[in-house]
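The next part holds the structures, each set out as C-alpha cells.
Paired with subunit B in one complex and with subunit C in the other, subunit A is shared by the two complexes that follow.
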Partner chain A sequence: MSGIFASMIDGLLIGAVYGLAAMGLSLIWGVMDVINLTHGATIALGMFGMYILFSAFPVNAYLLLIPIIAAGLLLGLLIYWISVHWVIDRPQLASLLSTFAVNMMIIGIGTAIWSTSPYNVNFTLPGITVGAYTFTGNHMAAASAAVIIALALELFLYRTRMGKAIRAVADNREAAELMGVSSTMVLALAFAIGISLAASSGALVSTLFPFTILSGASYQMKSFVVTVLAGLGRPFGALVAGVLLGLLEGAVTPFIAVSWIPLIEFGLFVVVLVLFPRGIFGRATA
Partner chain B sequence: MDPVLQIENLESGYGEVQVLWGISLKVHPGKLTTIIGANGAGKSTTLRTIMGSLAPWKGRVLMNGEDVTRLSTHAKANRGLVLVPEGRQLFPDMSVEENLEMGAYSRRARKGEKENLEKVYATFPRLKERRKQRSSTLSGGEQQMLAMGRGLMQEPVVLMIDELSLGLAPVLAQQLFLSLKDLRKQGLTIVLVEQNVHLSLALSDYTYVLAEGRVEIEGDSHDVANMDEVRRAYLGM
Partner chain C sequence: MILRHPVLYIILAFAAIMVWLPLHGNNVSLREDLILVAIAVILASNLNLMIGYTGYVNFGHIVFYGLGGYIGLYLAAEKGWNLVLAALLAGVGVSLFALVLGLGILRLRGAYFALATIGILVAVQSFVANFDPWGRSTGLYVSFDAYEKLGGARHALWVTYFLVIAVMALSMILSLGIKMSKFGLGLFAIREDEGAAVVLGVNTTVYKAIIYSVSAFLPAVAGALMFYKNGMIDPSIAFEFMLSLEGIVMLMLGGKGTVIGAALGGGLYEKLRSYLLTSPKLSNFHLVIAGGLLLVVVLFAPGGLIGWLYKAVPRSRKVLE
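And now, the complex of A and B:
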C-alpha cells in the first residue's frame, strides 16, 4: 500500500512540472490561436540548457532556472519572428507547418550536437524522510519551482498592465488595437513567455530523469492532454490539470507497464474532448 | 477654426468590393458631427477606414493637419483618435473595471486614469455596481455603456461612435443620447454614426448624408433636417 502512496506523491510533484509545460502551450494557443509544435523541441532545449549551464557552473541547479527563463524569452522572440509572425492571420495549418518545420530544425541541430544518447544533470538535493517514505529533494524543488513560476505568471497576467494587454489581445485583437495596444508586440511577447515556460519545464525535468534531444516529444503530448483537461484558461487551471495527470500516472504505474501510460493518457484525452469540449476548467467565450 | 480631423477622398472596401468612393469630411473641434445614411451606405466602413482597422485604398486622413493615413490603428489610438466600435467589441473574459483600464492603456490616457474612472462611474453608475463582473455577463445596454466608458477612458481628441443606439431599448438609447449631449457641452469633439436619424439630427451640429459610398448631402444639421429629400428618405415625412 505504501508503494502506491509513494508513487502518487511522486506523480503529484512531477504533475506540477507537466502543468508548467502545458501553460506554455496553452498561453500561445489561447492568445494567438497557434498550436506551437516547437513546444517539445523547446522543452528538450531547456533540458540541454540546464545540462550545459550546470556543467559550466555547478551551483544549485534550481538557481540556473533564472538564466534559462531569460534565454527562453529570447529564443521565443526568435522563433516568433522566424515562423509565426508571417502566418499569424493565415489558416491554422500554416502555423502548424511552420512551427513543425522549426521543430525539425531544432531536433536536427540538437541531434548533430548531442546525438540521441541520454544525458543527465548530476545534482541531488537531500530528501526528507517521513516514516518509511523519503520525499526526494529534487522532486520537491522542481514542483515548488513550477508552482512559483505559475503564480508569477498568474500575477503578471492579472495584475500588470502588460499582462492585461495580453489577455485583451487574446479576447479581441482588433479592439485591443483600438485601445492603443500594439498587437504585434503583445503576440511576440506572449509567444516568448510560452517558449520560456516550456524551456523552464524542460530544465526542471532534466533534474529528475535522464533525457535525450528527443525527450521533449512525450512532454509535448502530455501538455496537449493537460491543455485539453484544463481548457484555455488561467495558468492555475493548467497547474491543477497537470497535477491530476501526474497523480493518475502515479496511481497506475505500480500496477502496469510504463508503456501503457500513453494509452491511458490519450484515452483520457478523447474522453475529455467528448464530454468537456472546453476543458474541465474551460473559459467561457462570448 | 481648422478641423481637428479631416478626411480627403477616402476610398476603401472589403477584398475586391469597393465600398467608399471618395469620402471627404471635416470634423471641427468641440462639435458633434453626425453621419447618417441607409444600410450599406458606407458609414461604418468610413469609421473603420479612418482608424485603419480597414486599410485605405486612396485618400488621406489628417489629424490637426498632420497626415496619419498610414499609421497603424494603435498608433492612431495613441494620438487620441478613438472609436467606440459597432457591436461594442468588449473584452468578454475581462471584468468591467479591467475593460475600463484597457481604455487607459496608452501613455497619454494613463495620467488621467483615476480621475477618468471616477467620471465614467459618475456618468454610468451601473458600471460601478458591476465593476467586478465579467463584461460578457452585462445586458446589452450596460455593454454599450461600458463601450462608451472605455472610449472616454482613452481621453479622446475625437470620439467616434458607431451605432450608439443599435439594439437598445428606447429608454436606454435616450439615456445614452443625453450623456452624449453632456459630453458635447463639455467641449468634446464627437463623430456619431447613427441609424436613429431623428435623434442624431436634433442633437448634432453638422451632418453628412452618405449614399452608396459617397457624400450625398452635407450641412448644418438644422438645415439638413429641413431638406425635402432628407425628410422623405430618412425621416419618413
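And now, the complex of A and C:
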C-alpha cells in the first residue's frame, strides 16, 4: 500500500514539471490561438541546453535554469518571427503547419548534432528517506522550481501592466489595439514566454531522466493532454492539471506495464476532448 | 461526366507509365523506387480528401496505413488468405473503424481535431505494441512459403507492385470523382465556412465522418500490400509519425485541394527524400530540408506547385483539377 503512495508522490512531483510545460503551450494557445507545434522540440532544446551548460559549469543544476529561461525568451522571439508573425491572420491551419515545419528543422539539426542516443545530466541532490522509500532530492527540487516559475508567471500576468496587456490581447485583440496596446509586441512576448516555459520544463526533466533529442515529443503530447484537461483558462490551471496527470501516472504505474500508459493517457485525452468540448472551447478569460 | 475529364486520362497514362517503366528491361531496382513513389502518391491523395477538400488536418493519417498493414498481414500470412481478399478486408475493416471513430472525434473542429488525431495515433500504436495476437512490439513476419501462392517470392513482388499501382490510380480517380460530385461540393463548403455549410443544409457531421472513413480505405489496402511485400511489420514502422507528417509536406508542396497537386507533391517529395537519404552529406539533414520546404510553401506559396501554375498559366485551371 505504501508502494502506491510513494509512486503517487513521485508522480505528483513530476506532474508539476508536466504542468510547467503545459503552461507554455496553454499561454500561446490562449493568447493568439496558435497551437505551437515547436513545443516538443523546444522542450528537447531545454534538455540539451541544460546538458551543455552543466558540462561547462558543473554548479548546482537548478541555478542554470536562469540562463535557460533567458535563452528560451530569445529563442521564442526568433521562432515567433520565423513561423508565426507572417501567418497570424491566416486560418489556424497555416500556423499549425508553419510551427510544425520549424519543429522538423529543430529536430533535424538536433539529430545531426547529438544523434538520437541518450544523454543525461549527472547531478544529484540528497533525498529524504521515509521508511523503505527514498524521495530523491532532484524530484523535489524540480517540482519546487516548477511551482516557483508558475507563481512568477501568475504574478507577471496579474500584477503588471505588461501582463494586463497580454490578457487584454487574449480577450480581444482588436479592442486591445484600439486601447493603444501594440499587439505585435504583446504576441511576440507571450510567444517568447511560452517557449521559455517549455525550455525550462525540458531543463528540469533533464535532471530527472535520461533524454534524447526525440524525448520532447512525448512531453509535448502530455502538454496537450494537460492543456485540454485544464481548458484554456488561467495558466495556473495547467499546473494543477499537470499535477493531476502526474498523480494518475503514479497511481497506475504499480499495477500495469509502462507500455500501456500512452494508451491510457491518449484515450483519456480523446475522451475529454470529445465529451467536454464546451470546457475546451471556452476562450481564455481573465 | 468523369469519362470526359482530361485528368482521368492523365491519371491512366501516369499509371500505365509506372507499369511500363520497370517492366521494360525487367528493372527491379527501379520498381522498388517506383513502389515508394506510388505509396507516397496514395498517402498524399487520400490525405488531400481531409486536408485539401474538407479543411481538417489529420496528423495521424498513417494509422490507417499501419492498421491496414497489420490486418492484411495477419490474414494473408497467419491465416493463409488470398492477398487481394485480405487487403480488401483490411480496407473495409479500417474504414469501419474510421467511421465509428470519426463520428466521435469529428465533433471537434479545426485544431482540436488535429490534436485528437495525434492522440489516436499514439493510442493505436501503444495498443498494437501490447496486443498479443499481433506479436506485440516484435510484430508479424511473413514466412517465405506464404509467397508460393503468388508463384514464388520473385513473382509475388511483381504482383504486389501492379496491385499498388492500381491502388494509386484508384486513389487519384477517387479524388477526381469526389471533386466533381455534389458530395465534394458539400466538403468544400465545410472547408470554407462550416457554420455557413450547416445553414445551407449540408449535414456536416455525416459528410465529415464519411470522408474520414473514405480517406482510410485505400491507404489501408496499400498498407496491407506493402507490408506483405516487405515481409514484416512492427509497431514502430507501421505507425511512423514522421511518415504521417511527410504526407502533409507532400500535399502542401504539390498543392492541397487538387488531384494532380497531391500526386505531384507525393512523387516529387519521395524522389527528393530518397535522394537526400542516400546522399552521404545530406542524409542527416533530410528533416531540416523537408521542414524548410514546408515552411517556405506555407509562408509564401500556400497553393503549392499547382497553385503557382494556376497563377502563371490561368488557363490550366480549366484543365487540371
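Quick notes on this structure:
Methods note: the second predicted complex is superposed on the first by the 277 of 286 C-alpha atoms of A that agree within 3 Å, B and C clash if a C-alpha of one lies under 4 Å from a C-alpha of the other, contacts with A are read in each partner's own complex, and residues count from 1 in each chain.
Convention: a residue touches a chain if its C-beta (ideal position, glycine included) is under 8 Å from a C-beta of that chain, and two chains touch if they have at least 3 such contacts.
Quantities reported herein were computed from a predicted structural model and do not represent experimental measurements.
In the superposed pair of complexes, A:N172 makes contact with subunit B only, with no contact to subunit C.
Contacts of A:I4 after superposition: neither subunit B nor subunit C is touched.
Shared-chain residue A:G267: touches subunit C; no touch with subunit B.
When both complexes are overlaid on chain A, the residue A:K164 reaches subunit B alone and has no touch with subunit C.
With both structures placed on the common chain, the touch criterion links A:I52 to neither subunit B nor subunit C.
Judged by the touch definition given at the top, the superposed model places A:L77 against neither subunit B nor subunit C. After overlaying the two complexes on the shared chain, residue contacts for A:S98 are found with subunit C alone; subunit B is out of touch.
Look at A:S183: by the touch rule set out above, it reaches subunit B but stays clear of subunit C. Subunit A has more of its residues touched by C than by the other of subunit B and subunit C. Residues 35, 82-83, 86-87, 90-94, 96-98, 100-105, 107-109, 111-112, 217, 221, 224-225, 228, 257, 259-263, 266-267, 269-270, 273-274, 277, 280-281 of subunit A are the ones that touch subunit C when the two sit in their complex. Listed in rising order, the residues of subunit B touching subunit A in the complex are 51, 53, 72-74, 77-78, 82-83, 85, 89-94, 98, 101-103, 105-106, 109, 134, 136, 150, 154. On the subunit A side of its complex with subunit B, the touching residues are 161, 164-165, 167-168, 170-172, 174-183, 283-286. Residue ranges of subunit C in contact with subunit A, taken from their complex: 51, 55, 57, 104-105, 107-108, 110-112, 114-116, 118-120, 122-123, 125-127, 129-130, 137, 241, 245, 248, 252, 284-295, 298-299, 302.
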